[in-house]
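Next up: some structures, all given as structure tokens.
Common to both upcoming complexes is subunit A, partnered first by subunit B, then by subunit C.
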Partner chain A sequence: MEALKDKLESSFIVFENELDDDAKKPVHKIRQQAFKHFEKAGFPTKKDEEWKYTNLKPILKNDFRILNKSENAIDFKDVKRFFLSDVDSYKLVFIDGVFSSWLSETTHDKFDICTLSSMLNRYEDVTKKYFNKALPQAETMASINTAFAREGAFIRIKKNQTVDKPVQVVFFTTAHDYDIMTQPRNLVVVEENAEVKIVERHQSLSEKAVLTNTATEIFAEKNSRLFYYKVQNDNMEASMIDSTSVKQAEGSNVRVGTFSFGNRFIRNNLNFFLEGEHTESHMDGITVIDEGQFVDHHTLADHQKPNCESHELYKGIYDGNSSGVFNGKVMVHPHAQKTNAFQQNNNILLTDKASIDTKPQLEIYADDVQCSHGCTIGQLNEDAMFYMQARGIPEKEAKALLLYAFANDGLRNVAIPELRKKLNKQIATKLNVDLDFEL
Partner chain B sequence: MPHAPADAVKALRYKQNNDSMSNEDQLLEEVTGSDYKYGFYTDIESDKAPNGLNEDIIRFISAKKNEPEWMLDWRLDAFRKWEKMTEPDWANIHYPKPDFQAISYYSAPKQKKTLDSLDEVDPELLKTFEKLGISLDEQKRLTGVAMDVVVDSVSVATTFKKTLAEKGIIFCAISEAIQEHPELVKKYLGTVVPKSDNFYAALNSAVFTDGSFCYIPKGVKCPMELSTYFRINEAGTGQFERTLLIADEDSYVSYLEGCTAPTRDENQLHAAVVELIALDDAEIKYSTVQNWYPGDKNGKGGVFNFVTKRGICERNAKISWTQVETGSAVTWKYPSCILKGENSIGEFYSVAVTNNYQQADTGTKMIHLGKNTKSTIISKGICAGKSNGSYRGLVKIGPRAENARNFSQCDSLLMGSSCGSHTFPYIETQNKTAKVEHEATTSKIGEDQIFYCNQRGIGEEEAIALIVNGYCKDVLNQLPMEFAVEAQKLLAISLEGSVG
Partner chain C sequence: MLKISNLHAGIDGTEILKGIDLEIKAGEVHAIMGPNGSGKSTLSSVVAGREDYEVTQGHIDFEGEDLMDLAPEERAHKGVFLSFQYPIEIPGVTVTNFLKTSINETRKAQGLEPMPANVMLKKMREKMSLLEMDKGFLSRSLNEGFSGGEKKRNEIFQMAMLEPKLAILDETDSGLDIDALRIVANGVNKLKNKNNAVLLITHYQRLLDYIVPDFVHVLYKGKIVKSGDKNLALELEERGYDWIKEEQPA
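Our next item is the complex of A and B:
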């Protein structure tokens, strides 16, 4: 870990030099501060309460190249399967950290769907108002991202606009003969009464280790609506640390879905700050993993104002020697009366080698609230299995059907039919069964 | 640490063994007179250690208690471990850290000041007694009023002791057990809560002076509820209590600790350790009612209660913890079960009430190691005033704990908008056959519920007491009968005036 820290330190100096004149911009002050925080705090260890069950050490010991310069061209037909291809959409595609204009479809007409770098160049006011304003300062991995933040998606939907088609944000890391660490950074601003649906995906095409340390900031203004889906189905050499923070103003409705099937290691930090009254937040997650995989979901619903709602549903199926962590925190501040906060985490372990550590937390400082959390770890219902087998459904299919039904709840907020279909297929593939009915 | 005057202490112990206690002063003079440069003994009164904690103090305590060599070594080892530890601060409680060098770690049991009649007792205390329905005699006993019926009370205790002795049950003070049953103490002390388990457990191991020891022989069902209350020779709560309870194969015991009556105590810091050992097929039921001084309405004063309680279950054994926590300014307490043997069962039932500025961080740990182990956790928190209550629990299913089953329910009831309620459950599962369920809810007493009661002529305070009792019923039902009745009233009193 120390080696990587040293490397990040030297890379940061190189990075600053590269920026040249840009280093004088106010945004660079923020980067420097963030880097200072990282230098002081270092990488999180198992001694940190928030990382109690998650060991970063084996992930960080790779010899990552921080500022990867060489980008490879890719052919659309080779990567088509990583897109939602049967639906018309806006696309933001990045290859090795560089925006690929010919794979992308952007717009500046009614709304901005473009890159973070162009935002940093064009809109100083946006930078000032939003950049690094949502991520909790104490999160070290997010600080590293902030320090190296240069490229990623910038999506701003202006007042009263509803985006006509979904936005796909895809990051590729191409084949190299060395390990790479990337720092994609996204900013999403949904202005008053606007609406947008976004799908985010990170994909490694390399056989070498890739560590994606991504961060996303989302600002949902008054009465806005946002659907944000994260598809985490990367190859087994890829690891990911995702820090996403959402700030919600009055009457806004934000739904975030996290679907984790791939990667060797995933850590999701998902924070919701409910800063206005009558806001609604949804967090859904499906995790289906097996041999050698690890997924950690850390969520926070921070209720600061009265009359808000948060709903959380995380489903997990763990096969092989995989392990999972769920840490859901609901915080209700004083005066945030009439809060409704619900949290549910259900898990199934399929083998003796799989393990799950879960910690649903409630911290409540207001009395007129309805908060609950439920957490289960169990097996499939034997009666249901028997019932299906008695009707001629083989054990394997019966099991898959039940598991599929168990996980399927997590798709309840997926509002893009094509994505839903694709996720269904991914779940079926992961459960190793061909469900021969149209889902 | 410099070497203590080992010879002097040995001499002291030797003398004590041979001479009567009356020679003690003379003896201490000898000790002080000996060539010892750290001669702090000069300012010792005969029955009180000077403030502070170091190896010499521990030697002093051990010598005072006339303990064998192995016990002293055990304490010193604990002390050395304690010195290297730091006070934990992960709990959700805030309090001024006690100064461990400002406490006197040994004072001989003080003769309580006897009062001539109940008239001299604090009338507020009497009012509480009345509400709890405590008999006049008992009231006198609790407040230390000289009683004519003392003879009676002693005889009760004597018959009590006789019955136990017939069954072969050992029930005595821990210091007595160290003298009389060293083989049992040596075998089990520190096996469930190791000396270095945590900061307060280490401190307790080094300096404990009071506490109970209990041994139930094979196949014996203890015919009555054992209670510290009956251990007349060691009445009153100690600051560093150590309880060791061993239920041998196929035995049963129900043990009561504490008392519903409010206990005023001079000591602010309490760090007790309780160890339960349930051998094959044994069952232990351990009930606690804690009602120590919680501080005044502004949060001044009050007892700090840092307790380590843990039990180990062998094959087919069962340990059941029931606690009603209403007192103390700060409570830090996690009665736990290690379910080591196959088919063993752990239970935890808790009601924790906090009012005014009280803080409680309490819960349990259920560690499933054996096959077919089961555990149940029912925790009910009630927070009123400006208090904070937290449930912190761990359910761990080990890789070999096949078919382990856990059910946890932790509910919180909030009264008033300035209190806080928190839940920190940790669930760690490493076995696919495990079934773990956890539910938690937080809510307040519904206005419609109170309205319904009001409508039927039940006043607001009574309505709340009624609802709270209903809410806590699952736990109160687990208490022995007499206790349950008192505990119900206690809840009502603790919450008095919290709604308005």
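Our next item is the complex of A and C:
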């Protein structure tokens, strides 16, 4: 960990030199402050309450290259399978941290679907208003991302616009000769009464270790609607730390779905700040992992205003020696009356070696609220298994069908049919079954 | 078709079935009656292959083949069907998808191609009308939120689709009102032919007014203590089970 910290420190100096004149821009002040925070705080350890069950040490021990210059060309046909290809969409594609205009489809027409770097160059007002305004300053991994933030998606949907097709944001890494750490940074602004659907994915194309330390800030303004889906299905050499923070204004409705099937290690910090009345927040998660995998979901629903609702449903299936963490914090501030907060975390452990640490954390300072939470950890229902087998469905298929049905709740709300289909298929593959229908 | 000889079985070390002998031939309808706790449901579970039960002695032969070492699904593939007393709710799996999987897995085991979708749909419609079921039923999650009567009807619907050789109906009449009972019984009677057989397991005689058995057996304390024809059921209805109990050696 110390070695990586040293490396980040020296890389930051190189990074500043590279920026040259750009280092004078206001954004760079924010980077410097964020880096200072990291230098002071260091990497999170198991001594931090928020990292109690999650050991970063083994993830940080690689000799990662921090600043990447190479842009290896990618043929679309080789990576087609990582996209929703049977649907018309806007695309923002990055290769080793560099924007690939060749694979992308951007627009500045009725809305901005472009890159963070061009935003930083063109819209100083946007930087001032939004950049690093949603992420909690105490999150060290997000601070590292902020310090090195240079590229990623910038999506701004102007007032009253509904984006006609989904936006796909895909980050590839290609380095074959060395381990790399990347810092993708996204900014999403959905203005008043606007609507957009976004799919985000990170994919390594190499066999070397990759650490993706990504951060996304989302601002949902008055009466806006956002559907944001994270597909986490990278290879076993890839680890990911995702810090995503959502700020919601009055009447907005935001749904974030997180689908974790791949990677060696995943940590999701997903924060919702409900800053206006009558907002609705939805968090869905489906985790299906096996031998050698780890997924940690840390969520926050911060109810600051009255009459808001948050719904959280996380489902997990753990096979082999895999392990998971779910920590769901719900904070209801004193004046946030008529809050309706619902949280559910259901898990199935398929082996004795699989494990899950699940912790609901409710802090309620208002009296007229409805908050419910529940978590279950179980095995497969034996009565249901016998019932299906007695109807001629073999054990393996019966098991898969039950697990499929268990996970299905979280798919029902995926508003992009092609994505739902793809996730269905990924779950089936993960469960090693071939069912001739979709749930 | 089914030959059970000297069957002893139990759960967690407690013996429940204490030497059952029963033979069912193609074309026959048998009824097993008995007071609560006599072992009726254990018998049906053991024949269907539930692993929680341990068979300590005896044999179950089905069409000349030993069933004992077969998994529940393999027994199903050979044509054994158990209609559950308490059908299980499986949220997220529709009736259609469940049946499709059930039928095609059975066909696969029998070396047959999957049933074409249009053929299956036609058959589903046909069997649903036989059981006077609404077609909205097919897209509902299996047994989830079904009333007791709907669950039982759904069991018979699956039986009609799977066309088993031996159907074991475990307390199929419980939870049914008189109209539903008539519809279900009518369905079973229509599916009955000289090549298949039915084993009814019931506490009450009521169902036997509609599905008339060729043989009636009384199960008591894990043994068949009396066998007869349909008149035995009527006698039980009239006199209760006490006289049977009294006839047994203490």
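The working rule: the second predicted complex is superposed on the first by the 436 of 439 C-alpha atoms of A that agree within 3 Å, B and C clash if a C-alpha of one lies under 4 Å from a C-alpha of the other, contacts with A are read in each partner's own complex, and residues count from 1 in each chain.
Heads up, the rule we're going with is that contacts are C-beta pairs under 8 Å (C-beta built on N, C-alpha and C of every residue); 3 or more make two chains touch, one makes a residue touch a chain.
None of these values were measured; they are calculated from a predicted model.
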Clash or fit (per the criteria above) of subunit B with subunit C on subunit A: fit
Touched partner set for A:365, first subunit B, second subunit C, both or neither: first
First, second, both or neither for A:78, with subunit B first and subunit C second: neither
Which of subunit B and subunit C A:2 touches, first, second, both or neither: neither
First (subunit B), second (subunit C), both or neither touched by A:374: first
Touching partner for A:354 - first (subunit B), second (subunit C), both, neither: first
Per-residue contact with subunit A, leading partner among subunit C and subunit B: B
Touched partner set for A:390, first subunit B, second subunit C, both or neither: second
First, second, both or neither for A:404, with subunit B first and subunit C second: second
CA minimum distance (subunit B, subunit C), superposed complexes, angstrom: 15
Subunit B residues touching subunit A - in the complex, by the definition given at the top: 90, 397, 399, 412, 414-444
In the complex with subunit A, residue positions of subunit C that touch it: 48-52, 71-73, 75-77, 81-82, 84, 87-88, 90-94, 97-98, 100-106, 109, 114, 158, 162
Residue ranges of subunit A in contact with subunit B within the complex: 49, 53, 334-335, 337, 347, 349-352, 354-379
Interface residues, subunit A side, partner subunit C - complex: 381-384, 386-395, 397-398, 401-402, 404-406, 408-409, 435-437, 439
